[in-house]
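These are the structures, in structure tokens.
The two complexes that follow have subunit A in common; it is paired with subunit B in the first and with subunit C in the second.
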Partner chain A sequence: MATTNPTHSADGHGAGTHDEHAHGHIGRGTYFRVFGALMVLMILTVVAFYVEPLLGFNRLVGVIIAMAIACTKTALIVLYFMHIKISERITQLYAAASFVGFALLVIIVMIDYFARGWPPAPGPLP
Partner chain B sequence: MATTTRPAVPTAQAHGHAHHGPELRHHFETARQQKEAATLGMWAFLVTEVMLFGGIFMAYILYRWAFPDVWAESAHHLNTPLGTVNTVVLLVSSLTVALAVHAAESGNRRTLLTMLGITLLLGFAFLGIKAYEYSEKFSHCNGYSTPLNWVTGTDQHAVDECLVPGRAFIFPVEHGAEGAPAGAAAEGVAHGEAAAVQPGLKSPYQLFYFLYFVATGLHAVHMIIGITIVSILAFLSWRGLFTPSYFTPVEIGGLYWHLIDIVWVFLFPLFYLVH
Partner chain C sequence: MATTALPQSTYLHDDTPGLWAWIKSWLFTVDHKRIAILYLLSINFFFLLGGLAATVVRIELVTPQGDLMSSDVYNRAFTLHGVIMVFFFLIPVIPSVLGNFLVPLMIGARDLAFPRINLLSWYLYMFGGIFALSAAVLGGVDTGWTFYTPFSSTYSNSNVILTIAGAFIMGFSSIATGLNFIVTIHKMRAPGMTWFRLPLFIWSHYATSLIIVLATPVVGITLLLVAIERIWGVGIFDPALGGDPVLFQHLFWFYSHPAVYIMILPGFGVISELIATFSRKRIFGYEFIAFSSMAIAILGFLVWGHHMFVSSQSVYASLIFSFITMLVAIPSAIKVFNWTATLYKGSISYRTPMLYALGFIGLFVIGGLTGIFLGVVAVDIHVTDTYFVVAHFHYVMVGGTIMAYLGGLHYWWPKMTGRMYNEVWGGISALIVFVGFNMTFFPQFVLGYLGMPRRYHVYPEEFQILHVLSTAGASILAIGFIIPIIYLMGSLIAGKPAGDNPWDATGLEWQTSSPPPTHNFHETPIVTTEAYAYPPEAAELDARSWRPGSPL
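For the complex of A and B:
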């Protein structure tokens, strides 16, 4: 942990602003607004699910819409509820690293599978 | 670990706590530094949690990519309204946890206890609904149409459906179902009647339900751990342990709860909202 303090004082924050940043505060009003946004997004994703077949949307479009909404909800929870917005740089880095790590897992595995002929040819399922 | 890091009481008194509260361990310079260290440690753990669930999501992506029709048909048999209710329950619980941390920060013990209490209730509500969904699937396997019938032993009629992976697995094919697998087998099925194709271990539909039970099951295990953590936090705050200068356990316990919420935010559309 000793490493966080030197990096922080060296990244251009004055001593005074540094303290304010560290004691950054998220108010109750913000929590309620974020919750409202989460509920709206939740309703959107369910409505989209029932409406998409009526509009004749492609299956892939539906997946992209659902995942975009889920990622937005995650960003809201991580930034505000989990305080990443007002956290130390090193903590923000860890939070970002988890998603980068998962992205690497998916990208590398999928590249390997596609290189070996995935998805399998249509026909009777295995 | 706690015994090695906590200084013996006489030493602590000799050292003196004039400048800070007794909760500050002596290898930290300030209370803020101590809280940062704890938060960072929690995030390091949360990264491993993301990778744990990440493996399941990876398998999900791989197989849904290959068998989108199997996914679309299988997901119809999950209870989307109950899944939606559970999503709301978890989102509200995330708000109450955030408010609990806020209350701890401002030294409002009454609000802290109330919020932790509501969180516990919501956690149990989630698990109750999940348990009902599971028991619905298991009661079908045992020939009852609802869990209530199963418990009371009434109204047993053959339900040709068993969506719990295993030897007994039977996936019903509804009439007019498109993209039925194994053309020849599906052709032979009488029109208009739910009938079983490829029962047992050969059914391709098992893959979806296997991932469903593993992913939601692991999530439920996390919920049970989360409820335990929130109970402990409620007990500690009832004992008056937390002050505006020391509420790190509430903060990092809250981080765990939010992670569980995030996992459900993805599980819900990936299992209940598939077509």
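For the complex of A and C:
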């Protein structure tokens, strides 16, 4: 992952002049392409919202589709705009750790919600 | 002023012409040592304010009737105490003052990795503090420092948003500091300073920074959500709008339990340094202490539900949280056992910092063990929201963090200022703090177990004797905090020059001059030994050459 990324060298950024960027460089063209992809995905989210009821989709399916699109957008932003794709291993580790932390928060909270009322609490005494 | 043999060019030294230039040289400094001094002054100011609020609370509780103030004013007083002490004192104090000063010095760096972000963190701290204080001046907040919903989001008509904004901004100050430490420790260690040669102070600050960076954003977003719900009525926590108040507790404690370790882990680091220096021994079980910090940082993320045993949380979740909470006791106990094992056959000198360190161990053991009581669901349900909880977390926070801070401040004071303080007064005030502290908070364990709820200003008469004892202890504690202010300030004028290494300690910070030059080291140090490389026979030699009145 942390190897050099020579695919986007045809731009005017002066790639590789700073040592922080020794692990690769993201060209200007890529930024615009990622931006375009984000815009397309955003439009897709809105379109999905209006189209799904027409197709008779369950609301749960709608949520899953919206979440999938949102995760794709997040991945694009994290990898390209936040430079994780070309960062050092330790930076990638920290980015991964923050996702693990976030996953813990969401999963454990959802487990709690799921298991509420097991076993049924005894009501007020007669 | 008799002996001023301090080094000439230090970070404190200015050749700036005029007062304004001098002020600017401090307010726009990017020197980590000067920023630490700025933090020292501002954090101690907030500590005194928080202490003032505590005084108001303790005086009200002298009598069972609410005769000094209304319940409403009382709510605002304890909220002010909690918000200031937690967000503006306990969380930043050791990392921002001692950590800022010492992290670069201890690893042999010239400064932190991002000096300007470091300065920014101080401004964010002050900015957040001004928000929180303006909330207090404009009438205060009555939610408690925990801002529980739906009270904070729907019902309270006090200055919730201003206070939340203060805590929110202060969170960014923490993040900036944590980020700086992580990058600095990874990237700027001196040649030869391998990970396992790092002082344990650095390990504990690394673990703390990890928690800060991963947990603080969650509380920021949570507080933001409360503000959004208050301002625009978006249903997040209010059940009437389709929200869930317990979600707030999940999000809040996901940060605020790890925040306990943000407060105490740097304290562990300080204590490791003090115990080794004043026992003149290599610390026992270095790797275990280092990794126990990391273990606490990681486990700390998995236990937040122990604050929610009575909040309609699923009983299975409570069971799991209770079990993981027990696991935290293991790394904590590893530390305590290793410190005591370091003391064994050491050449112990009871200087002021060591008195605080020994006090820390005793108080932290009580605070930690009562934490196990509270981690057991059945006991916790009995004592939830009683003074037992209040006593427990004060034993950890005051008995832990503040003892470590004062110990560390005394230990590195000669390095920061170049001058020694009055050792006699130092020892006396350390003992006064210890006695006052126990007298204040031990009765609260009893009170809580008997059923005295927290956050009440009126109580049954049979509790009065214990409350009076507690208030009396608090006034002794206050004296113990005021004496050091006096003699430490006095030392700036009349203190004897300390020399580079007054404690005969290991560690790179003692190899440079006191106070250090602006760039810390005249030449980059090269590290060839482990941390705490006291010669094996140091303790024995010391013991043999000791005479009454010997300095060490």
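Simple rule for what comes next: the second predicted complex is superposed on the first by the 95 of 126 C-alpha atoms of A that agree within 3 Å, B and C clash if a C-alpha of one lies under 4 Å from a C-alpha of the other, contacts with A are read in each partner's own complex, and residues count from 1 in each chain.
Heads up, the rule we're going with is that contacts are C-beta pairs under 8 Å (C-beta built on N, C-alpha and C of every residue); 3 or more make two chains touch, one makes a residue touch a chain.
Keep in mind that what you see is a predicted model, and the values were worked out from it rather than measured.
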{"item": "Superposed partners subunit B and subunit C on subunit A - clash or fit", "value": "clash"}
{"item": "Contacts of A:28 with subunit B and subunit C, given as first, second, both or neither", "value": "first"}
{"item": "Comparing the two partners subunit B and subunit C, which touches a greater set of residues in subunit A", "value": "B"}
{"item": "Partner chain(s) touched by A:116 [first = subunit B, second = subunit C, both, neither]", "value": "second"}
{"item": "Subunit B versus subunit C as contact partner of A:46, first or second or both or neither", "value": "first"}
{"item": "Which superposed partner A:87 touches (first subunit B, second subunit C, both, neither)", "value": "first"}
{"item": "First, second, both or neither for A:68, with subunit B first and subunit C second", "value": "neither"}
{"item": "Which of subunit B and subunit C A:97 touches, first, second, both or neither", "value": "both"}
{"item": "Touched partner set for A:108, first subunit B, second subunit C, both or neither", "value": "second"}
{"item": "Partner chain(s) touched by A:59 [first = subunit B, second = subunit C, both, neither]", "value": "first"}
{"item": "When the two complexes are fitted on chain A, the stretch of subunit B hitting subunit C, from 112-120, 130-138, 148-156 or 202-210", "value": "202-210"}
{"item": "Common interface residues of subunit A - those touching subunit B in one complex and subunit C in the other", "value": "90, 94, 97-98, 101, 105, 109, 113, 118-119"}
{"item": "Subunit A - residues contacting subunit B, complex", "value": "1, 4-5, 22-23, 25-28, 31-32, 34-35, 38-39, 42, 45-46, 49, 52-53, 59, 62, 66-67, 69-70, 73-74, 77-78, 80-83, 87-88, 90-91, 94-95, 97-99, 101-102, 105-106, 109-110, 113, 118-120, 124-126"}
{"item": "Residues of subunit A defined as touching subunit C within the complex", "value": "90, 94, 97-98, 101, 104-105, 108-109, 111-119"}
{"item": "Interface residues, subunit B side, partner subunit A - complex", "value": "28, 32-33, 36-37, 39-40, 43-44, 46-47, 50-51, 54-55, 57-58, 61-62, 65-68, 70, 72, 80, 84, 87-88, 91-92, 94-95, 97-99, 102, 105, 181-183, 204, 251, 254-255, 258, 261-262, 265-266, 268-270, 273, 275"}
{"item": "Touching residues (chain side subunit C, partner subunit A) in the complex", "value": "182, 186, 210, 213-215, 218, 247, 250-251, 254, 301-302, 305, 312-317"}
